[in-house]
Every structure is written in structure tokens, then in C-alpha cells.
Amino acid sequence: MQQMDGTADTPELEQLYRDFEAQSLAPLWTQRDDLMPLTPAPKAIPHVWRWKALFDIAERSGELVPVGRGGERRAIGLTNPGLPGTAYATPTLWCAIQYLGGFETAPEHRHSQNAFRFVVEGEGVWTVVNGDPVAMRRGDLLLTPGWNFHGHHNDTAEPMAWIDGLDIPFSSYTDVGFFEYGTERVTDEASPDVSRAERLWAYPGLRPLSSLDAKPSSPISAYRWEYTDRALRSQLELEDEGYPATVEQGHAAIRYTNPTTGGDVMSTIRCEFHRLRAGAASALRHEVGSSVWQVFEGSGSVVLGDTTHRLEKGDLFVVPSWVPWSLQAETEFDLFRFNDGPVIERLGFERTYIPNRQNGAPQ
Amino acid sequence: MQQMDGTADTPELEQLYRDFEAQSLAPLWTQRDDLMPLTPAPKAIPHVWRWKALFDIAERSGELVPVGRGGERRAIGLTNPGLPGTAYATPTLWCAIQYLGGFETAPEHRHSQNAFRFVVEGEGVWTVVNGDPVAMRRGDLLLTPGWNFHGHHNDTAEPMAWIDGLDIPFSSYTDVGFFEYGTERVTDEASPDVSRAERLWAYPGLRPLSSLDAKPSSPISAYRWEYTDRALRSQLELEDEGYPATVEQGHAAIRYTNPTTGGDVMSTIRCEFHRLRAGAASALRHEVGSSVWQVFEGSGSVVLGDTTHRLEKGDLFVVPSWVPWSLQAETEFDLFRFNDGPVIERLGFERTYIPNRQNGAPQ
Amino acid sequence: MQQMDGTADTPELEQLYRDFEAQSLAPLWTQRDDLMPLTPAPKAIPHVWRWKALFDIAERSGELVPVGRGGERRAIGLTNPGLPGTAYATPTLWCAIQYLGGFETAPEHRHSQNAFRFVVEGEGVWTVVNGDPVAMRRGDLLLTPGWNFHGHHNDTAEPMAWIDGLDIPFSSYTDVGFFEYGTERVTDEASPDVSRAERLWAYPGLRPLSSLDAKPSSPISAYRWEYTDRALRSQLELEDEGYPATVEQGHAAIRYTNPTTGGDVMSTIRCEFHRLRAGAASALRHEVGSSVWQVFEGSGSVVLGDTTHRLEKGDLFVVPSWVPWSLQAETEFDLFRFNDGPVIERLGFERTYIPNRQNGAPQ
Amino acid sequence: MQQMDGTADTPELEQLYRDFEAQSLAPLWTQRDDLMPLTPAPKAIPHVWRWKALFDIAERSGELVPVGRGGERRAIGLTNPGLPGTAYATPTLWCAIQYLGGFETAPEHRHSQNAFRFVVEGEGVWTVVNGDPVAMRRGDLLLTPGWNFHGHHNDTAEPMAWIDGLDIPFSSYTDVGFFEYGTERVTDEASPDVSRAERLWAYPGLRPLSSLDAKPSSPISAYRWEYTDRALRSQLELEDEGYPATVEQGHAAIRYTNPTTGGDVMSTIRCEFHRLRAGAASALRHEVGSSVWQVFEGSGSVVLGDTTHRLEKGDLFVVPSWVPWSLQAETEFDLFRFNDGPVIERLGFERTYIPNRQNGAPQ
């Protein structure tokens, strides 16, 4: 323990510090540097998880661990190595691989935590959201906003795995979560191609006249790959034709939005999809807030701070706050991303820094 | 001229009223009733225009009146019989039939006034909005928000007619309009199936990451019939399956929206599409604000105040503020509507009254 | 009647125009210039009314015209000479001098129209808004937002006059108004110094915890002269001390706002107060939308288009849309202004042009 | 470690769990209960700190620890006993007593973290915010929103202590903070009664026309006790007169707001002041989110969960999320409160439960 000016402690000062602790107090001056760094200094670190390893261990879990009431989900969370003892991918975000064997059912429940699923491969599971069965297929983003009952059931003999994204760490940290059990099986075991929510809501720019209020979360239950793919392809084609459409040269991207506000799909989680042309690279970029990425297709690499990681289909990586990142595409390179952008922006903390922007680098 | 208490005027009072006029003044007490009625008392009246007659006279205009710089458009406005000497369909809204002969071009210009086109039949014209050619086809809603350059060209030998909707009366009344001429021909004579704006924006719930700000008007240049039709059909099917989806029994409806806000497509004009099942009727309804409707398909009738009008494809009618209206469908009955809802709502004047709602009538 | 290209009409064309009229139609091409001018071309014209003349004729009205149920108010509206046959100061705004003799009462009623009163001299009247008596004193702005019951009573033997501002023209034009009679006398004849609404709401930055929702109109019933004066004086002092505070050199101004949103006091009417130092001038400025001004104190002049008008205490003038205006102060010069700014801005039509801004003129 | 169904682990399962850990993974099923409790289960606990003890230890710090660059502030944070090893009052909020001896200066710096000071006793210090000296006096709330340079200087020979509130825990947890040093002394050592920001902004419902945009934080630098006191007194008087004004019987309260939006003073921190009549009690209430309270005047007690704590002037206590609380006033009882309400509400997690509301208890 030191004084502000760096001199050694006197007995009086030592007694003072002991008294602080006894009285449930702590001085700012000894920890100001750590609490208020010059730039964000996350405990979370960049890390990559390999899809093949994740899938293998999920499959083993499928053999050894039944899914059911209590544990609720056969979901295996990514633990950020900088946040040991947790299953937090970043301080705010949870990301897990969830695995459901042939004909298995994950029981219904609801919770304040916002959740989504993204499917990198496979199909055959329906997630039932407030009684509405939603097919899960490769490339789809499926939403389960807070306090909607939901369960999953596999309508086939084949297992299926996907990733779950939730705001569990944030909700746990801020003590905002409620939880309620539902039925042991899903309330509707039908397996329609298209959910009712999509039939009501998933049209470009059209809203049902029966539901005109702004909703806190998107009412679109499923964002289908067909549209995501077409939107990205169109951006690159428009760029080829000479029109502004992409984020930077060779880098197309869409944000999934709530059609009732134009804003993010859920209050705490932003979802995006990025596509880089073969050979393209994104500018190195520092951003406030943390992200999780999953490679959907193609191969390339990501620079995370000082390290470059080669990436294949399904690989996941996290970018903690303010750690600079850049993507490089070998082939056409498709990546899904989610982050805590809505938390950062709604509370006014957003900041981005692109070191080379002034030097003519791609933007 | 009378006193407030109804007694006859004295010479002093007559002098007073003459002095008011001489000094550019006018008393409230003699006109309060007219200026501030108990319920809205529009000068505009309900009226029906027949599509066949409109098309015929538009065709004659096509033979007699060239289209070009100065007049700018071969557009024939609906004159509300209650607003003689104008070409105003309602106090706030302009509605015209526009006619373009084979290979004709309407030159480019821009103006503060917000505009759209809706196509009840035909195809072959491209409206070029800020240099982006937008195909016009049956059932499509095409937007030209304020201050975008636009012109139209017919790429075929066949004439085409459609309706234009604008806020010309409102803009003229409030003195807010600017106007600027552009090129004599359209700046891009290509005839693509899909416009660039659609390729960038027309996906359910997806936004380009390169354009994340809220826009005052919808960036979707064209709302295609395929989606409108599918959305309405789905609402009726969901109703059949027992789920809430329609406005009232047998009455499906969508609102066209700005995907960057979830609100109306333009700041002064609301656009909707309604479909009633054969045999269905909408509840009689008083609404603040004025509407223009066009039958798109099917037949039925509308009650406007005390009168019932039978309607066929293409027929147009206006509903002034607070005039009660109800639709009855003989066949499946499709109608496009636009109104000044955004003006009414943004300024806090909205009010709706459904007389029979309490009596178990359809809602 | 002419064709678009200026050639004379043929018999066929004359028949076409007759048929337009018979079918309640009107061509755009013959009136496009008028309907869509290059810049706003208001029918309303700049005009000045002298306070002395207004007060005198109001006093004569007080002798000749009783105030009471039916006529409701002894209010004499300013008629814009460009809008003859109306009592409209501008297309959207009503401004009247209202006069109440000693111990007279104007009965209670309510209406959709938004209203305020501004007091250039005198005191002794209480306006009772939803049962809450609000003292009216020199320099005060008193609000009566739409659909609040209100009446006025003079608690003294002396007459009092003030100006009323309302959106009657706008409401009448758009057909949005409802009206309801209340009691013949005011519901609370007390004469407190401070109204209950002020006691609950009129504190800098404080809101009652019992009322946290955003309200469409300001809940502050009275904006007292003491604060307005102090705010303006402070701006000029801050300017003297070298800090940014004024609109332009020597020109202080405040906007009256709704503390629940930070926006305008009412949905259709903006209220401001301006103070120029002796000798100061405001930059010549074109603005979309129309304003009414009243001199509160001091003398100076206003340029309205090509004409300069000298102004004294109480004088009123109107500035139609896009007519350039500039104020010049002889003495310290205080002016109250109201306009239709919220209508213009909420619908996206705002535009301002200051011709000399690039040339180093005051801004 | 157990399976979901409670059976003991097999060797295969034990190996699986070891492999999870080796691969930076963690199963949801073993920790779901903790991560997603049925209702919020905060680690933070209710706790009371006594003002006398705080002041005494701050005074000792004043003798032993110099204030200056590096440590920056002689601030002693409240450590929630449920969050040992931190100086966090709650998971999201920092609260410290800060102490400045006669003529001492705390150097200038700025940071992303939002901050305020509240003064329970004393005066003589000016906090200089972006170069604007703001006097600190008993009952005043002083704001230092994120990224404004600020320092403090004591203009008297007497020491002064006050409480600081910041979002340090939240900012640290979410990794959003930037920090920058400023000058060693304050940039303006003047000691005016009223700051420039107040002179520009602190009027009921008035805004300078030179600054009309919505600001993320309140521009009012100081909320003076005079207004807070008057607002609270008026609410109780209005209640006595029979008008709705208080939160519940005998319980007046105001929220400090941003006059440019009507919302909270800063994006992460809500500030309120509560006054209970002698003898009054507030209904027992569960709320999502955490609060810190300080008694400003009077005496009474607070129920926190199962325990009642008697309170005197200056005492501080924390209410973690969902812990039920109720205030009881012996004398007239004044309390300042701050909490993370804006975080909770902007992200859609607000929920309140008042167990006895249905039973006729006070609300």
C-alpha cells in the first residue's frame, strides 16, 4: 500500500487502511489506475474456439448427459480464459454450443435474459417460441427475446448443434433476471416450414395493421439465410456497379433489425452478418464493447491485437472491448457476429478508432 | 351581423364591425361556431370517381396534350366537389391519374412535396428516382419522397396509367414547398427488374451496415405486390387457424413502413392495403384525418356517411375527416388506401370512434 | 387555358377541359407553377398591427359586445390582408387581442385547438385551466393546450387585454377540431399568485416522481416574466464575459419548452422570446413557416421583405413563410414570437437561408 | 459435479468435465440455477454506513494522505460487504465520501464515467466543470457527466466533505472507460455564486435558442437545494389541499432531469430526492436495479429485507436489486437517492412489485 505520492506507509497510514477495511470502505487513490484506465483494459482476452472440437465434445455430452428439467439445456458455454470460473465469453455475453440428439426435447421455460440461436450447419430442430414452432436451418438467426416461453425439439433421428447467444453475464452482473419453468415438452410439436411470426411479420417494409406499436424486441422469429445471403450478394454487386453499398471495399454487411423501430433485434444484443470478398481485408478497428464471431463459410484469418488466427467454418472467436481487430479473406468469407452494441450505445459509451483511416487505408 | 346574445346590431356596433374590417381585424364571436365546430365539419365531401371514366379521359389527354418541361406531368387531379377551384382530393392530399404514352418521357424534377405512385393495372414504365430506375408493375407502391429528383419513361409502345399521391394541398397551404427542374430526359434509361434501392433495402428486417441512421422517409423505392399479397393472404390464413392477425374478422390489412424507424413511409402520407374476405364488412368508423382509397381487385361497396356506393376495380373514393365509413365485400375485396395519418398523429390530433364497438359489432 | 407547350387551345382541347370540370377533375399542367413554386409563395403577406389601435378597438368592443356563452370570448383576430374573409394571421396561426372588463367572466369550454395567452401589459385576470386558476401578469406566457377546459375571470374593477395565440387556422384546414362547452362561470374563482401546475412543475430540471411519462404538451401552466427576463439578461452578460450564449452578436433568445420532452410547449405552436441590445441587428433570414411577433418593450424596427417598419411596445407583425426578416434595435428591444415551427419540423419541411452568412455578416 | 438428473458422475463424465475446462468451456446445466435464478439474487447485500464514522475517517485521511496527481481524489469508496475486494457500493454504482482540506485542490481530469456530487453539509468548495466554477453548498446536486474535465478547489480554510456517485463499477465491468489527465490546478479559480451553466440553463421550462439539440446528459451543472426543497414542500401542500402530487400518502419526491429530454440527468445514473412527513411510511417495494440512499435531514428508519435500521442525518445505505425496502419517518425525513434506473430501463429490464398494493396498503 502506498500513498498517492509513492512514499512508504507510516504506522498511522497502515492503521488507516486497516480501518477502511473494517468499516467496509476502500480508498480510490490506490486503485484509480485499475478502475479508470486510460483506455478500456478488459480482463477478457481474445480467444478462438474451433468448431470441430466444440462439436465433438458436444456430441460426447449428448451421449453422457441427458437433457431435461433442471439443467434445462445441453448447452456448453465458451469460457473466456480471462474470466476463469465463469462461462462468460465476454463480460456481457454468453455463447454456447447447444446439442440436441435425435427426437430429444429441451423443455420449455422463460427468463428475462434475451437469447438467440444461430445455425452454422444442420437442421431438423424446431424452437417453439410462445407456442409458435420455428424451424432451425443452416444460416438462420432465430430470436427468443426475454420472457418468451421457449423449448426445442428435434423432429428427426439425427442430432443437431447450433450456437446460443444470451446476455446471461450482463443480466447476472446487474441482477435483473427472472426465470420461470414451463411445460416439460414443447407446447406445439408441429414442424411447419414457416413460423406464424414470420407469416405475420417477415416482409420487407410491411407491418400488420393489427400491431402498430413499437416493440422492445423484434417480432420476427426467424431471419432466414435466403434473405441474408441475397442482401450481402447484392451489396457486393452494387459495389461492382459503382454504387455505395458496402462498409468498406470488398466488405458487405447487414444488421438484423427490429422492424417496429429500425433498431437492434433485442435490447442488449446486436446481430450482424459480414461477407468479405476473397482477398479483401477490413481496416484494423478498435471498438468499445465486446463481440463474438462465428465463421459461417469460407476461410481466412483474423488479427486480434498482435496475433493472427487462421479460421475455418464454424470457428468462434471473441473480441474484447478496444482490442483491435481486422478480418482477411482467403476465399469469400462469411461471418456471423453478435455483440453488446445496444448496451454500449443506449448508455452513450460508443467510440470507434480506426488507426489508418487518415492514411488512405480502406474504411 | 349579430351580437353574441343574438340581438340586432346598433349603429355603434355596425361602425365597430366596419372598423374591424378597415383595420384588418375580425371578431371571433361571429364565427366561432364555424371555426371551432363540435366535431370536424369538413368542406370536403365524400365522392367516388370511376376508373373507367378516369382512364378514358386520361387517354384523350394523351392524344391532345404533350408531356414535357413546364407542365412536367400529364397528371389529372381529383377535385373534391366540396373544394371547387382546386385539384385537391382532400384538404391535405392530392390524387391524380397520370398517363404516359408509348416511349414517352416525363422530365426530371424535384420538390419538397412527398409523392408516391400506385399501379392498379399495366406495366412498362420506369420511374427514375435519384438516378435509380424503378419498374412500375401492377400492385406495386413506388415512393418518391420529398427532394429526390425523379422522372418517368415508358420503355414500351403501350401507354400506361397509374395514380399519383402527393401532399401538394398541405404543402401549398402551409407554404413549405421548393421546386427545382432537372434534366429533360431521365438520367438512367435502363429498365432493370429490381431497383438498386430494393437490392440494398428490401429484405425483411435486414439493414445495410453502411446506412444505420434513421431516415425521414423510407429508403425502399418499391413495395412489390408479391409481398403485399402474401402478407394479406397469411393474415387471413392465420385468422382461419385461430390466431390474432387481422384488424377485425375477415379484414386483413398492412401498413407500408419505413424500415429505419418502423413508422410511416413518408412524413405526411400513410399508405396501407386492405383485404376483406367475400362477405365480410368493416365496422363503421369515424377517424380524424382524410383518406383516399382505390379498389385494386374485386367488388363490393362502401358506406360513406349516409350513402352506399358500389365499387369496381380501379374506382377511387375519398373519406373526409370524421365522415363514418364502412366497407362491404361481395367478392374478396382488395383496396389500397393513403391518408394524412402522419400529420394527424405527429401533431397529436388523432381520434377514432366506432359507434357499435360496445354493442358486439365487429371491430 | 393553354397547352403545356404554350400553343393555343383547339376545340378538342377545350372540350377536354370542360369534361375535366364536369367529372370533378383538374389538370396539373395548367396550375403546376402555382401549386409547386420554386420557393414558398405565400398568399399571406407581411403586415403590422399597432397596439394602440388594437387596444382602442378592443375597449370599444368591451362597451358594445357582451362576453358570454355562444360567442365565448371577446377576442378580435388579426386578419392577414393576404387572406381576406378569414381571421387568420397566417395560414396556420390565429392571433387575437382579447379584452375582459372589470369583474367579467369568459365561460369555460374546451377544444382540440392548442392555445396560449401572452400579456404585454396589465394584470388582474385569472385563466382557469382544468380547474386551476392561473394569474396573468405582464410578461407571462400562459398555456391552454388542446382539450383542457378553460375560462377567464377578471378579479378586479379594471379591464385587461392580452393576446391569444391558437392553431385555429391549421385545425380548421385539416378538420381535426372538437369543441365542448363547460360551465358558464369558471370552476374555481380563487386568485392565487401561483397556480397548482406551477407549484408541481415550474422548477429548473425537477419533475414530480408521481408524473414521469412524456406529455404531449407542457404541464407548466405559466412561464413567468421573472425567469424569462433573467435568462435573457444572463445570455447577454455571458456574451459580455466572452462565452457562447446568444443566437448571434447582441441577440439573446429563449424557447419555451415542455419539461417532459425538452421540445416545444405544444404540438403545433412554438413560443420564443427575443432580446436585442440597443444598436444590435439580427441577420436577414428566410425561414420555412410563419411567425407572429409582438414587441414587449423598447423600440426598433423590422425589415419584412423590402419594407422597414418602425415598432413600439405592443405592436404585432406577421412574417409569412420564406419572407426575409431582420430586427434592428434602437433601445434594448424585447419581442415575443410564436410560430408553426413544430408543424414544419415534425413533418420534415424545415429550411433556413441566411443570405449574408458567408460574407461575415452577423449570424 | 452432477448430471442434470442428480445421479453421480461416471469416469466418462468426469473426463468430460475435465475436457470442458481444458478447452475453455463450461456446461450450463451445472450452473443454470445460479446464473438464472427465479428472481434476482444479488451478491451485494443491504448495508448501512454511518455518516459520523465516514466523516471521521475522511478527516483522518485528510491528515495522512495528500491529494494530487495520480491518486487524483481523496475519495473513500463504500465497499458492499457482498462484493469484497472492490470499492463497489452495488454492482453498478460507486459511492464515496470525498474530503478536501482548507485551500486544497483536486487536479483536473476527465473520464467516460459519469459522476455527480451531493452535499449533505458544508460549503466552500467549487467544482470546476469544463472551466466553469460551480459552488457546492448543502443540499445541492452537482453534475459531472462523462468526458467533461473537472477538478475541485477549496476556497476556504475549512475542510469540506461530500459524497461522489459514479458508474465506475458498471464502466469497469463493461470495459467502456477512457481517462485523460488535465491541469494540476483548476483552470478557473473564481468562486461565483452561480455557474455559467446555471445562468444559461437553470430556468423552469426555458432553453437558450443557441442550443436546441437533445443532449445525452443534463447541461444543468447544479440543482440547487432552494428549488428541491420548494418542490417537495409544494407537493405536500398540494396533497393537503386535496390534489394529486405525491408518490403515495405523505411521500413527496422529485427526480432530477435533463431539461433537453425530460429524462434522467445522465445515461447511467438516476438521481432523486424524497421527503416523508413525520409519521409517514412508504409501501414495501421490490425493484429491479440497485440504489444508494443518503439521509439529508431528519430521522427515521428503513426496512431492508428482514431488518430495520434506524437512520440519522448523513447515513448512507444500499438497496440491492429486488431487496424489498420501506422508509418510515419519525420526524420530517429527507433523503437523497441515486440508482442505476436508466441502465435498467433503457435495456428493458424494469419491474416493480409492491406486495401489499392489492390489500389497501399505501401506494
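Worth pointing out:
Should a chain be cited, it is by its letter among A, B, C and D, assigned in written order, with residues numbered from 1 in that chain.
Criterion: a residue touches a chain if its C-beta (ideal position, glycine included) is under 8 Å from a C-beta of that chain, and two chains touch if they have at least 3 such contacts.
The model shown is predicted, which means the values in this text are computed figures rather than measured ones.
Farthest chain from chain D, judged by C-alpha centroids: B. Separating the centre of chain A from that of chain C, both taken as means of CA atoms, is a distance of 52 Å. Separating the centre of chain A from that of chain B, both taken as means of CA atoms, is a distance of 42 Å.
Rounded to a whole number, the gap between the C-alpha centres of chain A and chain D is 30 angstrom.
Multi-chain contact residues of chain A (touching two or more other chains) are absent. Taken as a graph of touching chains, this assembly is arranged as a ring, one closed cycle with exactly two partners per chain.
By the contact rule set out at the top, the touching chain pairs are A-B, A-D, B-C, C-D. Chain C makes touch with chain B in their complex at residues 3-6, 10, 12-13, 16, 19-21, 23-32, 35-42, 44, 47, 49, 53-54, 57, 60-61, 64-68, 70-81, 86-87, 91-92, 96, 111-113, 146, 168, 170-180, 216-217, 267-268, 288-290, 320-322, 340, 342-344, 346-349, 351.
For chain C in complex with chain D, the residues that touch the partner chain are 196, 198-210, 212, 214, 218, 220, 223, 227-228, 230-231, 234-235, 237-238, 241, 243-247, 253-262, 265, 272, 274.
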